[in-house]
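Got some structures for you, see below.
Here come two complexes built around chain A, the first alongside chain B, the second alongside chain C.
On to the complex of A and B.
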């Protein structure tokens, strides 16, 4: 072990470590970390994206707590965000970091999702890793949707109004959406208050244990090796120790990710629009956040083909089918025995990814 | 630097200088980084406190006629952000004190019947004309303000 080759004299720091080790078993942890190895190959770069997503989540957690110090939901929602953004020292920076990091987290998660998909890391025994990951992504989308309303400016107001209109179109659900989610026939104080509860209490309460489960599975099964690498004879496969080598690389990635957040937040601070006013017309060119753009465009496109109310249902059906397909991938392609099934998973996954990218670009072009 | 890596047997296997320098440098960079992250966060959290300290830096307060106490009574007011007390004594004289007990910060009250200013928290008692300690745990007298009476209103300022 690395420590035994450099026998250090008993420094004060070392005796403190020994004291803690005797009581907490830190050496076991160090031994575990020293034992753990990470595969090293041409596609190793994609291993970082789960960790990068995690870093952005930590930034969300910390900046979210800071915003919570001054944010007031309900009637004063807009005014409190105005104060944070324009009156408070560095409030603009904290809020910008929260918004930028949210967007970067969704981006990193999509990269993570599709890299896991194409590296076939969902195969046995990692099915629950895939499913818990999809669950985490869905929760992140809900975080994004609920957080977007909280400033209560014009964009937030109309985005939420439209966003809630869509599930409200499903027959039999519209009443429930009004009663339970919107808190009334119009987006208003009651909506902000409950979105706030959702955003800062309910979602974190569900998210954190699921994240813990996801990370536990990553520890349990280790990094998956892509099929091309797995076919190589064992002697040709390379690994590096998790500690300190991979962790050092992870840390470097985190530092880069953190720098990206701070640079974007500083140079492109998030704006605050006019206070939400139900009587003002919706701002021109209003559109959802980029990570909802593909769904938005899908509804628009299908709406042209299937006019009227049926279009929304068909669009949502297509979106639901794509989601279901992603969830079913570990069942379609459970291990390396079935060549045809592996192709279905890969091409289906590619279709979903390309569909999302095309619809997103199309959506922006059509604004 | 280069001697350390080439001189082989001449010096101990690992010269501490290079490693120490690198570690100290990394530590300094890490500290600078933490400082760059921590400074905005500190300022962000401290904003209300800083603002109220600025508000507290006033030098005088005018009290309008309708708020003035009758002879033998006192009125409480804010001097900046701190509670203060204006006493109109029965003999017609005016005094004003910082109304925060010098012991542990409770707000004191005027007790004309006992001819004192009293802090109920731990029984600190102050002279109602000078603010000097009469009894109890307070370490210092109450801070007195300068009081000027001019046509109807009263101006209280730092002594």
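On to the complex of A and C.
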């Protein structure tokens, strides 16, 4: 039987891959992923929290775009959210997924922050990773604050009103807060418009490049190993390939996180209160979202000890000092040589974390 | 009103039944699908002369015996106990109509439970052929219990026109087979059979994931064989759901659709939400089964298998919850309402009174008696479907207006599709309005109403 001199035909999928590879260099990327390895040890579980935070951000990005289709800032803000929640097919689901993923993202970021802190993953050469992470967390909290007002119901209105009083107390900038953020003496349509611009344009414009920078640094320096693991001889340290092993585990965690969002969003959908009425009395027990509760309670507690304006300044000073301490940690404990400095960073970090938890629980108990 | 009411604070009697039933469904469907799994797995092992497989199957049959024989049987009795307390009228109606069916089910069940024990304890004690026969006897008898229970459960949603025409005449049991093979019997049986196969695979993953590391090749084979049990569901479940959907009453379809556009129609939009949870968790099970179990069977550990079991529990729970909810406002479709009042009785009760014939009316006031008889079956005071929350700050007049809507059931009533008509004379309605006003506006906690034991 005669044999053909023509090569065997390529499968369609293979052809598409070759076409893309010639233009995008996919094979190089695959080879790089195959060589990249991720440390495996008793604390590997904490590596997933950055990825989980990223997933929640992606969920918010997608659901946020869908909400944009129906949301109308300004005078009709409340009515448009009412339509999304009660009239549009699956509008309630998209809104609930957006809100739940926002809260879960803040939670995941805090877990990520403190796991990085206690695994000392801020040390040389990862300082910029730590600072960019802190920046991302601050932006996420601003996302939360600005997004909270957008439905313009009673709770959103009064929570924002109370929230804006805090920067308004700082001498020198109170006028600026009124003009720039609130858009007038009272929270109103102009505020919603400004918060909307902040939430969907300004913050994403700052957040996305910073996120890109953070991910670049994670990629460049790889996963840090905790000091106890780093002290082990190289032969005793275990690693697994990033592709496919770690990626498969990461995807499994994403799947779990996605289930958590879906189950919470479907079984506990985000409700909408009554339309904001500036003349109505503030709802009883008005308080900020849980991730601002520790600051809120700190101001309340210090205000009792030091009454008046001095107390407010002292409270904000304490909060500022804790934030500055977190930012300075890579400078306090730059590398493994400084035993005493390492202890200050660890115990200081633990104090901040415990303080936040205690103040948050205390805040809710005191409502 | 012939029976005492069972007052369970916070979760309500409905969730006592629900929690036991969801747990039972997880086990009992495994008992059916797992029987078929054991029989086919042993057949394969004997044909291929795989002694290593036989040892895995023997271990799995021990796990199977303990789980189904202990937890399945106990929770099954628990269902009887709880439905008898929570819905005595419905339970009584079912027993009167299906006593023959339940007698058959008990026969199958006795064979099933006895064979499960014999099957495990005769490993390596009887010849392979006899042992395989035992496996098949178990599989067939356990499937028999499913067929019989399915007939009764599907009857509760769609009793069928012939049986309904005889309802209330005293000749209902003569229409046993018509009631049994009711409109949703076959699609429901198809759905439950697929669930049984899936749960057989899901639970088998628990045993297979525990195989030691040095048995890597065997572990991979068993895990992949178990994953195959999920394949029929993957392809056929959407079709079976569409078939079932086409047979359920219009009102039930409306309930499933109610939550698509809103969360605002009271608690009944939960049906849609529960259905979404089923879809999400089922899709996740399939994803884990493919990516973790099928693609990487050697790395599939007990933690993964337990996660799949919990996901299956969530899927089962939400499906059973939705199935129960779409029957509203009936417990037996078009025949008996969820408060135990028969549809044909309502006009008579409106004329002579709901509480007059009650043996308990000497100890409780009429309003409380009405509340216990017609509200407490589905609502609690402060917990699940809280009466205080649902009254939503209404005053005495607002409460009376709402009760009038529930009683008269005008076409425009928002409650009509979900809640039974409120039966009783004007004086009883007035007494109920007073009692609800007392609960909602005059006191924060009524000690008596949450202590079922102190009242009949």
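Here is the rule we use: the second predicted complex is superposed on the first by the 357 of 367 C-alpha atoms of A that agree within 3 Å, B and C clash if a C-alpha of one lies under 4 Å from a C-alpha of the other, contacts with A are read in each partner's own complex, and residues count from 1 in each chain.
Assume contacts are C-beta pairs under 8 Å (C-beta built on N, C-alpha and C of every residue); 3 or more make two chains touch, one makes a residue touch a chain.
None of the values given here were measured: they were computed from a predicted structure.
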First, second, both or neither for A:66, with chain B first and chain C second: first
Chain B versus chain C as contact partner of A:219, first or second or both or neither: neither
Which superposed partner A:186 touches (first chain B, second chain C, both, neither): neither
Partner chain(s) touched by A:88 [first = chain B, second = chain C, both, neither]: both
Touched partner set for A:263, first chain B, second chain C, both or neither: second
Partner with the higher number of touched chain A residues, chain C or chain B: C
On chain A, positions contacted by chain B and by chain C: 87-91, 93, 262
Complex interface listing, chain A residues touching chain B: 66, 69, 87-91, 93-94, 262
Interfacial residue positions of chain C with respect to chain A in the complex: 260-264, 273-274, 276-277, 280-281, 284, 287-288, 291-292, 296, 307, 311, 314
Of all residues in chain A, those that touch chain C in their complex: 85-93, 248, 251-252, 255-256, 258-259, 262-263, 266-267, 269, 271
Residue numbers on chain B that touch chain A, as the complex places them: 37, 40-41, 43-47, 50
